[in-house]
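In what follows, chain A forms one complex with chain B and a second complex with chain C.
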Partner chain A sequence: MKIKFTSELKWHIILILFIIVSLFPIVFAISSSFKTLNEAYSNVFGIIPNSPTINNYTEVFTRLPFFKITINTFSIAACVTLFKTITALFAAYSFVYFDFKYKNIIYFFLISTIFIPFTVTMIPNYLTISKLNLNDNLLGVILPQLSDATGIFLIRQAIRGVPPSLIEVAKLEKIGHLRIIKDILVPLVKPAIISTGIMFFINSWNEYVWPVLILKSKENFTLPLALQLFISSEGGTDFTIAMAVSVVTMIIPLVLYIIFQKYIINTFASSGIKG
Partner chain B sequence: MQNKEKRINNILGEKFTAYLFILPSLLALAVFMFWPLIRTIYLSFFSWNMIKPTKTFVGIDNYVNLFKDPLTYKVMGNTALYIIILLILNCVAPYIMSFILSMVIKKGKGFYKSVIFLPSVISLVVGSILYLWILNPISGPAAIIAKFFGLTLPIWSKTDGLVILVISLITTWKIFGYNFIVVLSGVSGISSEIIEAAKLDKVPLHRIFMDIVLPMSSATGIYVFIMTIVQGLQYVFTPIKVITQGGPDNASSNAIYNAYQEAFVLYRTGNASAFAIVTMILFVILLVLEFKYVERGVYYEN
Partner chain C sequence: MKEIIFENICKSYGKTKVVNNLNLTIKEGERLVLLGPSGCGKSTILRIIAGLEDITSGKLYMNDDCVNDVPSGDRNVAMVFQNYALFPHMTVEDNITYGLKVHKVPKEEVKKRLEAALEMLKLKGLENRKPKDLSGGQRQRVALARAVVKKSDFFLLDEPLSNLDAQLRGHARKELVKIHETCGQTFVYVTHDQVEAMTVGDRVALMNEGTLQMIDTPHNVYNKPANVFTAKFIGAPSTNIFPVDYLDGKIALGNQNLILPQMWINKIVDSGCKNLYFGIRPEHINFSRIEIDNAFKGFVKYIEDYGNRFGIYIEVEGNEIIAMCDKNQLKSGDIVYFSPDFTKIHLFDRNTTMSIGYPEEL
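And then the complex of A and B:
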């Protein structure tokens, strides 16, 4: 009995060490963002700053249109989330409850987009956005991201767990599809829809590759692009300000995750099991 | 007769609705995924710089040049190294951790699960900038700890090989949690009776892992294996772009970054397209091989 206890304890210690290492960067960023530049260099490991300051945060606002940048990030993420979730919900509904020609082929094609690397689509999409005159425009970031195969896959998985008899009864009662979706299906698969939506929101909030190609002027930047302005491998004088921008960039995803973690973990867990 | 007509109308109506519901997704993905794919294939047969009004048809020259260029082999070598490191850290390691979490320890599972996933929601630009300073060889926390033990950190961003390892580690910070959650769900799906029986028979842990857990969760394992390569290589793009821009001397560039550099730094649209297509073909081959040889022996959970 005692041997078993110590062997389990050994694993707990390893896991705790792992967690400390993986959470250290987050704690380091938060604590550094409230330090003066001097203290950031002299008191690297102090979690609570000796002389806390919010200067790094106010400095960001004087150097950049930071409020606008935060609103930009939010607007893009909100639009992308809305479109991706709604298009995925309708497509998933159709794939589960309807029988139609080429259904499997269409599904296969949609899902196969997961395997198209972004280098294959970036040049033509860049040309399309330029042609539409949407360069350096938030719409140019949003437009190529109106639908997402992962969303269709995840919501379809959830809908398949709903007893088909419920939907059949509704159909016999001659309830329209829109009402079936709104009043019967959505309440039943709410956790999957919420976590798929949150995943879209967080991914879009963090997105870097596509916005960096499209957005050029600082007023149109998103948070990850703004953060990039403070990078220099030597550390330098902007170090604590970069930490403040990092904290603002990561706070929203972290809060969303902490609130909805149960939903998110369950939905991600189901993504690995193929349907 | 009337009834039959009504039924036909109804079925037609239903078919119409079915396609109507798929249409938004299909349209969006067709315009911004499949059409670009076709255009990129087309562009790979031309010499162009994205600005000139005319494109020059060069046949398969872009592909020939690609296979002649020593840079291609360097970049593909780097890509292979990235894949190996990413697979060890984000496929093998999550497997071992899932095994420990679901079979060995009994308390705190929920806590570990939520905390280990946490870094996955943070931007990779944030991750890159944080690690850039944490691993700063002169004044960062890692350097201070190393100094305490009388060691100095190498200038990793300028060292061949090491730069790939560090960039992979930064990317791992982002994707480990996600892969771990997926693998854990596969591993937890295995009936605990089998495991308990093996434990009673005093089968050592590593044998339980190799002989029971691994084969019985192989569908999940293969999914994570493929996704680690396909998504991992694309995730790696961000730290490369933010920290090294592919340097020193392309030592940290990979297949994804190189195509980006050809397109948007050097404006060689044809080369970039050819490189992107070759990358995609490698992804597809990988996928087909997986399905053909590994999938056959797969034990499907549930």
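And then the complex of A and C:
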């Protein structure tokens, strides 16, 4: 027992240290966002502010159309997530259940696009969006992101875990593909779909480089772009306000995480019923 | 006619032939059992009927129409899978009625069929449970109920009892036969269990390595096997098979001879075949420690105790032969004399391994 206790203690200490390192920036951001700028410099690591203030938050909302910016970010993230997930689901279904010529080669090429850096596609995409006159338009940010090979890969893996006999039963019942996806597949691979969706959402929510290329006016900004205003020369060095923006940026993904955490943790579907 | 006809059907995966030139007619309303060892192609045949596998060559007819290109959904078949394939996220009721509801069968009709199926398969009270909350036997019955409510012309079962324990299996077997008698569809049943095949089937089709070995009634498959494979596969312990040579009314095994009855001599002469395999089931051998007429002489190698009877392994001229008896007074090393019951023997051509046939008297 003693041996077990000491060996476990080691892991507990490592994990606790890991949690502290992970949580520190968040706690630091929340705490600083309620400090005055002076206190932020004098009492850098104090977790509880001496004289808490919400001035930083009111400042954020008066200086920028913050509500609009949050809606922009949410709209982009929601559209991108929805379309990427749906296209990934359909593509994954086809790759698993349809037999077509060159299936494996097509799949191989599709998956290899995961390894193409963003900087390679950035310029062609930018030129296309400019030609479409979608500069400084939310649609311009959304359009190149409607499908994604990572999602196809993840959902395909989940679908492969569904016993083929379930789909064969549906085929024998003459049930169409859309209905099979809706009634049988989606309920069975729901955790994988949701965790993939959350991943898409968070990636899109945090995205900086592509929106900064497309979006020009503050009206159309997303949260990461707004955050940049306060830590660049334009916004000066008022980092308590920047921290307030960070906290606001964090809220929606955090709420989503809390709602869907059971799916994220439990990614694998309970598939197959055997006696 | 609600028949299924296989005409020269072949199925290959790449270079591997899984079904080899199959010609078979499954009659309307019969219970046909496809029996064979693992990997013999029996499940593939069932999946070909269901339309879940395409055919490499040949033609498949159902209800007098060639269905080679007809998708599974249009073949009017119901299938019970080995793993039951119940939808884990649906209740028992939804599992059973899902197909009917998708095809917009009127609600009263769905309810009527559901009630009848629940009644028939003793699933009353379990309607709202999910598959994970059911026992193996209950899941199997839900899978059957789902097939029953479909009221299709053909009922396909892929080893439906293999996940049940022995006791439940015996019970489920009787239930299956009862369902067939009530519904009257054409049943095609796949199993590797010969007891199941014999008790369920009106006819048994025995497969090996993608080739049909024999198709006949369970009685004939057991008593008049068409070839060595059938003789050895059916029955446990399996039929003793050993090579013998025919000469002047006698068969010779090494240095020992056995005089054949006239009916067998005629049969052998008709067949023109002299190099034979001799087949005899362990339960059809008479043996004694005292010398008996027209018998082979051997010695006891070892004895197996099955509880209700004994298996005596006898070595004769380099061949191992097993004989069954109820009481045992023998021990290893004893000299024994044994003679087969000539009304129960089987003779096969050694070149083709096919039976030379049976005398008319039998």
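Quick note on the criterion: the second predicted complex is superposed on the first by the 243 of 275 C-alpha atoms of A that agree within 3 Å, B and C clash if a C-alpha of one lies under 4 Å from a C-alpha of the other, contacts with A are read in each partner's own complex, and residues count from 1 in each chain.
Following the convention adopted for this analysis, contacts are C-beta pairs under 8 Å (C-beta built on N, C-alpha and C of every residue); 3 or more make two chains touch, one makes a residue touch a chain.
Note that the structure is predicted; figures quoted are calculated from it, not measured.
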Could you let me know whether more residues of chain A are touched by chain B or by chain C?
-> B
Check whether A:K174 is in contact with chain B, with chain C, with both or with neither, and answer first, second, both or neither.
-> second
A:P144 contacts which: chain B (first), chain C (second), both, neither?
-> first
With the two complexes superposed on chain A, say which partner A:L188 touches: chain B (first), chain C (second), both, or neither.
-> second
Quick one: classify A:L166 as touching chain B (first), chain C (second), both or neither.
-> second
Between chain B (first) and chain C (second), which, if any, makes contact with A:I48: first, second, both or neither?
-> neither
Should A:T87 be classified as contacting the first partner (chain B), the second (chain C), both, or neither?
-> first
Quick one: classify A:I114 as touching chain B (first), chain C (second), both or neither.
-> first
Which partner does A:P224 reach: the first (chain B), the second (chain C), both, or neither?
-> first
Chain A positions touched by chain B in one structure and by chain C in the second | 270-274
Could you please specify the touching residues of chain A with respect to chain B in the complex?
-> 7-8, 11-12, 15, 18-19, 22-26, 28-29, 41, 44-45, 83, 86-88, 90-91, 93-95, 98-100, 106, 109-110, 113-128, 143-147, 149, 152, 177, 202, 205-206, 208-209, 212-213, 223-224, 227-228, 230-231, 233-235, 239, 242, 246, 249-250, 253-254, 256-257, 261, 264-265, 268-274
Under the touch definition given earlier, write down the residues of chain C that touch chain A in their complex.
-> 50-52, 71-75, 77-79, 81-89, 98-99, 102-103, 131-132, 135-137, 139-140, 146, 150, 163-164
Spell out the part of chain B that touches chain A in their complex, as residue ranges.
-> 14-15, 17-19, 21-22, 24-29, 31-37, 39-40, 43, 50, 97, 100-101, 104-108, 112-119, 121-134, 136, 138-141, 144, 157, 173, 176, 178, 181-186, 189, 219-220, 223-224, 230, 233-234, 237-238, 241-243, 255-256, 259-260, 263-264, 269, 272-273, 275-277, 279-280, 283-284, 287, 301-302
Please name which positions on chain A make contact with chain C in the complex.
-> 163, 165-166, 168-169, 171-175, 179, 183-184, 187-188, 270-275
